[in-house]
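The data blocks that follow each hold one structure.
Shared between the two complexes below is subunit A, which pairs with subunit B and subunit C, respectively.
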Partner chain A sequence: MNVWLDAILILVVILGLFIVSSIRLGTMIKIFGVQSMILGLVPFLMYAKDMEFYIILVSLAAIVLRGFIMPYFLFWAIRHVSERSEASQVIGTGATILLSGLSVVGSFLLASKLVFPVPISSDLVIPSSFSLIIMGFLLLVGRTKAISQVVGYLVLENGIFLFAILLLKKMPLLVEMGILLDLFIAAVVMGIVVSHISDEFNNMDTIQLSTLKD
Partner chain B sequence: MLVFLISFPLMIGGLVFIVPGQKSRNRILLFTALLHSACISSLWINKPEMSLNGFLGLDALGLLILSVISVLFLMVSFYLMGYFKNESELSHKIFIGFLLFFLSFMTLVTVSRHFGLLLIGIEATTLSSVPLINFVKTRQSIEATWKFLMICLIGIALALLGTYFLAVAGINNVQSLFIDKLVDHAKELSLPWFKMSVIFLLIGCGTKMGLAPMHTWLPDAHSQAPSPISALLSGCLLNCAFLSILRVGQICHAAGQTPFFSSILILLGIISMGVAYVFILGQEDYKRMFAYSSVEHMGILAIGIGLGGVGIYGSLLHVINNAFTKGASFLVTGNLYKQYHSKKVSEVRGVLGRFPVTGIFLLAAFLAVSGVPLFGTFISELIILYAAVLGHHYVVAFFYCLFLALIFISIAEIILKMLQGQPAQEAVIPAPRESLSMILPILLLILIVLMLGFYIPPFLNNVLLKGAGLLGG
Partner chain C sequence: MNVILLLHITVLFVFPPFLLGFIGKTKAFFAGRIGPPLLQPYFDLYKLMRKASVYSLTANWIFKAAPMVSTAAILAAGILMPIASLKPPVQFWGDIILFVYLFAFARFVIVLAALDTGSSFEGMGASREATFGCLSEITLFLNLTILALLSRSLSLSGIFPGGLSSSWSLVGPVLILVVVSLFLILLVENSRIPIDDPDTHLELTMIHEVMVLDHSGVDLAYIFYGKAVKLFIFGSMVVSLIFTFKTHNLWIDTFFFILEMIGLAVLIGIVESTMARLRLNKVPYLLFSALMFSIIGFIIILARTI
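Let's turn to the complex of A and B:
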């Protein structure tokens, strides 16, 4: 079982690298969807021995929300956008991939220093979660399109979700569901703002959002 | 009672969407705010029970911030009656509905006794304030909203990660995120994870609170939102975030990690004051100037908490003073914007001559903001300085005084220019006089701050002392 869990975690990180390295908005959203679906399988593998109903519920909710609804929603948000690739980046593709690779290394170093107080089923969970968080940050900082930044935020949230899976048994259901709900609302509001931005600018480039400064 | 406090603004907020007529909606808003304040004042007399299995409860810190929120909200909803009189074309339905949701979620933040619930509340306040900031839907306001949303969401994501670390720190013994339980078992938390969690929570909540260098959303959101909303953001929303930092402080105090917590807060506080000074100097937009002054005051709050002891009392007092002063200041800018139709300092001249009432309020707001004697802000800033000297933090005291003085001078330069002089010829168009509802709230807020400069009522003093006691002050 453990082998499968490790394999899936490695796949999640590789998909993260894939998102970071792609510049087409459509590709990014699709890969994000796949990544989230795979991430939704992690609880099933981690808690295979003592499965409980709410764990299934949380995983299914995660798979449906992040794997299907969110990508669909993001595609809806870019339906009128003609230019669907990231033309100008703050951090270039090569540099982003290099930094992401370094972030994976850094995550392993950091995770080896921090000892998790209870035994966990795979040593890869914490490093993968940290790597996803850093990759999300790289997207947020390095991209200029509003949609790429939203994807960056969602990748960051995926990393946090991966960490939360470790705590699924110890924390009340309310918190987990509340977070999923929050995330969903966040996407809705973001979508509204994004569509307003595209109405106003006919382009969702945040570089143009620079009239407010001192 | 607490459940009712959260749920009824929420329900009425939903109801507003189906009520026709602008006037009736305004009345509903005012009625809700009045009822909310009435309920809160009853809470001062009988302490409410814990409800929802201990998820909701009210301690001294929560009560203090909740009361500040309620009073300011009441003033703002009264102000809105006059503010909306001549603007009928924009969609008020959404505005008032979300305003009430905003109130409900802020109440949730102040009464939650569980870290997960606290974060959900903070996230909900962010989301419900989005339509409020984006009310006018101009290019700039969309930009401001986008920045606000992105930066605050990332901040909350980091705070969420911090909360998970906190859960990991207590996974062997505490096994819960209830604040009371965490405080009781704080000594048993695993230290490396606890420290990580404190850092992430401080950065995350500090983003929402507008501490530099995570403050970048704040000036944009405050300057682009309608003025009454800026007043609420600066007087209520930032205090909600401050409350979550106080909660972290409570656990740090119980765990004996106060020096670690304090050093981060003092550093962030000094940086905030410095950044505020740099951007206030020669600022061309008067709303941005007040926004940066908010950054400054958040820095003062952080320094007060960081210094500990008397500083905590000063900080809590400053929460009240700052909220009401900032509320009054932003409401004055609302009047100014109505009269001059511009946010530029260079286009606002001769306020004192043309609009004496607004002029005097602007002067009073300036004096209160910069903490001149007679006003409550002076007392609380003095107490924090006293705490710094008492604790032999001379470097902190030096920078604190330096930045206070510099900011006073730069604000004075801007405000005095606006008050005096002759308005440009083309700008002299007949402007509406201030209606009563646009004067009274400002007057009341300024009077409260003035009163706190002379006299702190015993019941308030009690709560302040109790709140400071929770943090070891």
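Let's turn to the complex of A and C:
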């Protein structure tokens, strides 16, 4: 069982690497959906021995919300602003891949320093959550299109969710609230930002925001 | 002991061009053609062996020696590699380093020969080969390091026949990463399709083919044969990683090993038929991902074992 949990966590990190390295917005969103669905399986594997109703609820909420509703919303946003691919990256593809590889190494170093109060079922959970968070940051920093930044934010959220799963037994409601609240804030804020940028400038390049003058 | 040695050498020397035949058959099947016979690579080799070589006026002895030297280096690497449950003829502590550098040496002499022709076109191919080579070499090394850490052995004969059979249940996911990474390296090193098309002669796209454009006759036969053996050795690495179960009967193991290799050749053929060649500036990204796969695997193994 632990091997399956390891496999899923490694798969999640690899999918994060694919999101970071892909330029097409549609591909990014699709891979994000798959990644979130796989992440939703983690609580089932982690708490397989003492399964409770709210754990199933949290997993299902995560799977449905991140795996289906968010990608649907993002695809709607792509159609709305008719953007297909990231034209101008701040950090190039090769550099992004190498940086995310470094982030994986860094997360393992960081995780080896941390002492976690509750017993963890796999020593890969914390490193992979850290690397997802850093990959999300890389997307936020390295991309200029608002949609890729939304995906970056959501990947970051996935990392936080993975970390929060560890606390699921201690404070289940807080984790659940965190998932829902973060996601909807992300969706609403970014939805407004995306549509406003595209209304004003006819594209979604956030670089243009920094040239605004009053 | 002598039977093992003979069988190892025979499989290593005779079987490799067969793989190319299977790849060709698979690609022909996907294209809806009958395709060349399975033994076509042998016919090609025979044809090339009978032909005389033509040498450029600027080329000196390096150009003439390179095909033989590189093929010899690749065959020497093959002698270090265990096949099925056959112990390799040569084995010693730390031979994985020699193994990797024999391939590097084979590439080096071919690159030298390409530069020796004096044609800028071949120099371009040499530059590409050297660029991708230094990315794939580090990945190959990292993968071998992971395997060496897992099997607690710095010798190929300690890693491959049985050293990893217990690792699949413990660190299976990491081994999957290594297998994927090695498969990508196999495609890169042998200039198969997502990286380089072995069949085209378009100047914009070629990597390996452009370097050997000036070679002809017996020299070309050596290079062709060396490439087949290289594919065989890399393939046998992937195959022995996946199928760790052995019956410990010499003949049955070898038979199954050859079947597995044919399966791998069919898989390569499927990849070649279903994928388009990557644009040249996208190839480093593929190599980077292969490198990342092995780095992630390496870090996990380090965190687990130390």
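As a convention for this text, the second predicted complex is superposed on the first by the 198 of 214 C-alpha atoms of A that agree within 3 Å, B and C clash if a C-alpha of one lies under 4 Å from a C-alpha of the other, contacts with A are read in each partner's own complex, and residues count from 1 in each chain.
Keep in mind that, in the parts below, a contact is a pair of C-beta atoms (placed from the backbone, for glycine too) under 8 Å apart; a residue touches a chain by one contact, two chains touch by 3 or more.
If you're wondering where the values come from, they're calculated on a predicted model, not measured in any experiment.
Put subunit B and subunit C next to each other and count what each touches on subunit A; the higher total goes to B. When the two structures are aligned on the shared chain, A:Ser59 is found in touch with neither subunit B nor subunit C. Applying the stated contact rule after C-alpha superposition, one finds that A:Phe108 touches subunit C and leaves subunit B untouched. Contacts of A:Gln149 after superposition: subunit B is touched, whereas subunit C is not reached. In the superposition on chain A, A:Asn158 makes contact with neither subunit B nor subunit C. By the touch criterion stated above, A:Ile133 is placed in contact with subunit B alone, subunit C being left untouched. Contacts of A:Leu166 after superposition on the shared chain: subunit B is touched, whereas subunit C is not. By the touch criterion stated above, A:Val118 is placed in contact with subunit B alone, subunit C being left untouched.
Judged by the touch definition given at the top, the superposed model places A:Ile14 against subunit C, while subunit B stays out of reach.
Shared contact residues of subunit A with subunit B and subunit C: none. Every residue of subunit A that touches subunit B in the complex is listed here, in rising order: 113-118, 133, 140, 146, 149, 153, 156-157, 160, 163-164, 166-167, 170-172, 174-175, 178-179, 182, 185-186, 189-190, 193, 196-197, 200-201, 206, 209-212, 214.
Contact residues on subunit C toward subunit A in their complex (touch as defined above): 169-174, 176-177, 284-285, 288-289, 291-293, 295-296, 299-300, 302-304. The touching residues of subunit B, when paired with subunit A in their complex, are 116-117, 120, 123-124, 127, 130, 134, 137, 139-140, 142-147, 149-150, 153-154, 157, 160-161, 164, 167-169, 171-172, 175, 177, 190, 192-193, 196, 219-220, 223-224, 279, 283, 288. Interface residues of subunit A, counted against subunit C in their complex, comprise 3, 6-7, 10-11, 13-14, 17, 21, 93-94, 97-98, 100-101, 104-105, 108, 112, 123-124, 127.
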